[in-house]
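Input: structures, listed below.
Shared between the two complexes below is chain A, which pairs with chain B and chain C, respectively.
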Partner chain A sequence: MATKFEGKVKAIPEMPPKEIEEMRNTMEFVSRKVIAENIERMKITWPNRPKTMQYFDEISNFFGQRVEEIRAQKEAGKKIIGYSCMFAPIELILAADAIPVRIDSGWYDTAKLGDTIVPVEVCPVIRSNIGTQMVNLSPYLELSDAIIIPLTCDGRTKLSEILRDDKTVWTMCPPRIKDSLQSRKLWVEEVKAVKEKIEDLTGTEITGKTLRSAIEITQRASKAFRRLQEIRKGNPVIMGRDSMLVNQTSTWDDIKRWTQKTEELCDELENRIEQKNWACSPDTPRVMVTGTPMIWPDNWKIPNLIEESSPHGVIVVDELCSGDRLLYDPVGVDEWTMSDMMDALAERYILASTCPCFTSEHGNEDRINWLLDRVTEYRVDGVIYYVIRGCILYAMEYARIKRLLDSMDVPVYYLDTEYTREDVGQMKTRVEAFLEMLETRVALREVK
Partner chain B sequence: MVTCSRRRITMTEIIAEILRATIIAGIILAGILAILIWIKDQTKKISYLRVFIQIAAVPVIFLGLIIGPFGLPQFPPVGNAPRDAVVGTNIFGAPFPDGLSVPVLACYYPSGRTVTCPIWQIQGYIFPFWNTGLGFGWGVFYTTTGLERLAIVFGLVIGMSIVLGRFFCGWVCPFGLYMDLIIRLRKTFKKRYWKLSERVNIGLRQLRYVIIAAFLILSFVFGTQAIIGLQLVPGTERGEYVYSYFSAPFCQICPVKPLSVLVESALGLMDFTFVFSNTKGLLYEAGYYVTSLNVAVLVLVTIGAFAFRRFWCRICPLGGLISIFNRFPPFKWVSGVRLNKIEEKCTKCGICKRVCPPQVTEVYEEKGGDVTSPGCILCFRCVEMCPYENCLEIRVAGKPIYKSRSWLKGLK
Partner chain C sequence: MIAAGIDIGTQSAKVAILKGGEVLSRSLALCGFNPKEAAEKAFKEALRKARLSFDNVEHITATGAGAAKATNSDSTISMVGADAQAGAYFFPSARTVIDVGAEEARAVSCDENGNMLDFVLNSRCAAGAGTFIEAMARALEVELEELGPLSLKAEKASPINASCVIFSESDVVSLIHRQEPKPEIARAIYDAMADRISSMVHRLGIKPHVVLVGGVAKDVGFVTSLKRKLHTELLIPEGPVFAGSVGAALTAGKRIG
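What follows is the complex of A and B.
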């Protein structure tokens, strides 16, 4: 007779601590190497990187200075709140005097580990996250006192269950229809609920005053963020990878310091514009990347290929939730009352987002409009539509976007890949073929 | 027998008038410049500018600052307002009909008006306009006939609506200022506004036209004695209506009348005893100038304005009249100030919808192009708050004059 298992059944099987320790050490070693190597490669492509980039290089190290800072602050009593998607309202975390860190995982090795728990059809970001949890690779995930997971897709929904076995997980349910009255109500309530949870955890009440100052902090961050993007509109004065790194560090760095450093970087870049000190030749094909997030450190494969292959391109803009979408939209508050701020916050995260998990009466035309606008604003020569296998949402939107870009005479290339290093050679051939075509187009345009 | 005095205006007086007008215009311009230069917060710049212009418009409208003796209590409070003498007789050669018709709720009743609400004028002129001339009511002061006066009123209203449209509602109307001040008062209590449901809001918008139709019909019914010689309502015979509510039915429920009359009385610009004299009958209980219905509506609207932003603007019949130029072809083709949206720049972040004082949703819902809607008061708040460059823009005669900017740049 079968007996019911006493206690909770966890999705991840128990492993001997020694084995975990060993795996963790190996992976950390590999990861440290990958981080150093990625930065080294960025330096090779762009030898005279601005001095300020050094700061971002340091912060980008998952096992370095920033982790120590967070650990020290945690010991001093601050709470760390992780989040796995940019829908999590970080202003609330900041207002409660806690530290927000994004815990989405970009490690290839842990994705392999995740394969032992979930099938390979599952999105690699999710698998990698599961693997990270198994061996405690991510210090941010490890340090988090609670994790906010917005259930944007199937992967995240089930990831929240798996992480909940060992962690405090708060889920938020974003509506799939973006702008209807009832979905707005739902999301506002979700944000309010998360606010209460944050208050309970930190023991700090989020008042109108603290929330206002938190909103102002992120507004200032958005200002610096937009300034960097504005700079990329002109001739390439910064390589795409570098600005992608700057963008991404904002998700775990101290946001005030990040803002200050980004402003410094922009000052330096503006000086270089005056001196016409370009990062690469101004007639390098201008590439836009859109699709699934590209997460530091391992999943830097495609940006590396685009900017290192020969001929190489420069990523001038992206439409990724790990990149140019992160802080672009500010929270626009009309009256600084608590309820209006909460509404503004809720609307900023859901209405301004161009995530393909949404639909509306007019389809996901917000994303399409935004893409088309970026293409013209940034004088994009070609678009790389990047999809990791398992992300149905992005894959399914490709058909329409391809037709639209075709009608605008903008070449678009669909690149589907995995969390693996094995296909780098194949990817390189494909990217190079696309870039060669772009280069010819650029040359032809100049002849005309 | 013309009773109103047409005294000649001396050269010194004209120069003084021009000087005063120049000084006031200078002060207003300096204020505008100061706001444009010193206010760095891009999310507040236009709002401050708007409040400043609204405040500057009040003395111009009510105190006869530009035309007529400043601050002089004029008694009798009707009939020989200075603009009749100066502008009408001396400049145009004929007395001017009851102040310039500008599409704002600049009440007729308080003294010193240089600008008058067209709603009063339309009602007042429909009522006795068949029979104007000496000894007949207001006609005694006019050399123009009622039809001519109606033509002037409509001409002015249509002309100004074409040029500026509901810009008047957002930037000039004194009652709009009253409601904006209430909003600012509410903000100091850190209380948030309530929202009307979209259906109610649209319902109120349509109610405006019912109100217009009602007062036009009532004016006609009350005026049948004068128009076709058949008296339908007692008390509307010749000479009687002058001081009765019949001559302007809407004005007897309008919230602006008690407000402006009481404010002017309190400032000593009107004769308080005159205002509260002539108390008779149910509707006159607070006196001819301020009826009990007026006060009741004012109280309701004031409470409403505390709860809902720009509450009155949603049912204002004058706004309804002008908003024909906001929306309906062919009027909208000729209207000057338009709100435009560029679809590609919009991420539908919802800020424009949330910050809109009269809760207009079209600016958010419509895809792109001309998004001026009948409820829009052209206060430019959505353009001010839109965080996407060039997404929303105000166009004057097709040319963009104010575009949405990344207001983050104004942050310290």
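What follows is the complex of A and C.
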């Protein structure tokens, strides 16, 4: 018997390969169906959906063209670096000529599988990631040569240990207070350390020139990203789910191509604004969603309900790390020297973040201000505050945010759910009641 | 102007028929395995009581968990929306309406016109609703109607866990084994349930006057416990179980013209 651990015992017990294969096949089958179904539902809601969306539909397929592309590049010698959580500086991965892919899991079935390893109280995103690793459901996770896990919450901290069973995992330790000198020092060191790891794995030195070019690539992506979010401020010319899908595909697509396609989509949308070709009636209640990330493909439950229920709403803005937060902030470089670029990179991932893992003298001020600004700028009629079981950080920030929104006379509804399809009926009751209330308010406002 | 409201709940279907804002008739039928049939039965009965035929009804609005089963309805309204309408109709001073049904509890704040301003629903667990009382009455081996009056005889309260019906039942069994007097166990059951409902209502904020509706509003044991927890008076209309159907009928009335 072992008397010392020394990292030898895995958290996930060995399973017969045949059993894994069978589970994987079933889950992949279900997942392909869910992906196709979700896209179909988006098309039904928005019959006049622009053709440019087809590109994003294709990229959203976890078992399609994009995976084959990455697989071919891997075979040609490129390294794939996965990351969980948007604190991972993708510019460093791009600068080393490797491919960044986000591996946070939105699959419901694998969350159930994760229950056999960790208790159900654990956040379902984490449980789903564990299950995904167990049956190799995610091609991106499978293809990753290494995974960066920023330890932004308790779930991710322990997930890093479990994924180490079979994967090379690099953790990054973000500070919980972002604006102090010691926090800044810690985070800059973390970014430097991960840079060295990327260089070691890829055998490519990240130079001033390659880093600058990578930063410029994501700056251009940010520009396209912001353009899309800007368009959503006006009358609804794109449905919320469609923009959420565009936003999310940026985390596994070729970022240059994604930028180009997003600009094309924006061109078309701007044309439609001139033609007053709205995606839905301009009187449709304008909804903001905030809280736990909503990850494609299975965890599309709530956006589907909001935009399909009767009465229905349109999601005009979100505050999700799987959505409008993704590429919103460009890296702000003053001087293109290596040390300035590294500082700017570190700052972009910490200072610009509105993650509830942070606190300050005035609570999580940045997130709260971000929310309040968006509520005004996007003329939000109501906020859905979405929390999945076990997500303590978002759950605990609700009390204050609710009171603030109350004082602004903006209705907010706290929706707590799980990685499950079984509660759709209960969720629907809640979402419909909330939208009915918003609809009445919109009607009363127009009368006034 | 004849308007009807159908409320298909998890346990029973309720129908109310209104003429120019006056309730003409009400009827209730147990859902059993066929909520659609129950709704039709209640509808026919309500029409009969009002001496009307189906053709006289200008608009039907359905509500409740089974609203979709009311195939003859013209429109739907959410359960909280119907509660707000009914609350303000029964008591114009109502600003908070609490509805405790068989499997769900909800609270809504409203204005004088019955417009819903905010709402909360219980966290998808029957421990805050009527079926909980039924399960506990069974555990105590008393008739459902007796449990309330029994609880009023309690001299003290024994706290139990009400996070889940199953846990509560095992807590009640331990109290029985400890030979606690039945009235005290009965009160513990109502207190636990009132605790859950009261924390839900607190999340919404309690604005007087507070109206209590739903089938459970008839249970004197629950009403007493909830008053104690909320430190407020509760206005209870006659026939609280029909609130949802009356709210739906009021909505139907507004939708006619």
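Keep in mind that, in the parts below, the second predicted complex is superposed on the first by the 441 of 448 C-alpha atoms of A that agree within 3 Å, B and C clash if a C-alpha of one lies under 4 Å from a C-alpha of the other, contacts with A are read in each partner's own complex, and residues count from 1 in each chain.
In the analysis below, a residue touches a chain if its C-beta (ideal position, glycine included) is under 8 Å from a C-beta of that chain, and two chains touch if they have at least 3 such contacts.
Small disclaimer: the values here were computed from a predicted structure and weren't measured.
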First, second, both or neither for A:Ser213, with chain B first and chain C second: neither
Touched partner set for A:Thr26, first chain B, second chain C, both or neither: neither
Which superposed partner A:Ser281 touches (first chain B, second chain C, both, neither): neither
Touched partner set for A:Asp373, first chain B, second chain C, both or neither: first
Partner chain(s) touched by A:Thr337 [first = chain B, second = chain C, both, neither]: first
First (chain B), second (chain C), both or neither touched by A:Arg430: second
Partner chain in contact with A:Lys178 - chain B first, chain C second, else both or neither: first
Contacts of A:Arg348 with chain B and chain C, given as first, second, both or neither: first
Touching partner for A:Ser222 - first (chain B), second (chain C), both, neither: first
Contact footprint of chain A on chain B as seen in their complex: 43, 187, 190-193, 343-351, 354-355, 367, 385, 387, 406-409, 411
Interfacial residue positions of chain A with respect to chain B in the complex: 178-179, 208, 216, 219-220, 222-223, 226, 329-330, 332, 334-335, 337-340, 343-344, 347-348, 351-354, 362, 366, 369-370, 372-373, 376
In the complex with chain C, residue positions of chain A that touch it: 310, 411, 413, 416, 423, 425-426, 429-430, 432-434, 436-437, 440, 444
Touch list for chain C against partner chain A, complex: 65, 76-81, 115-119, 121, 123-124
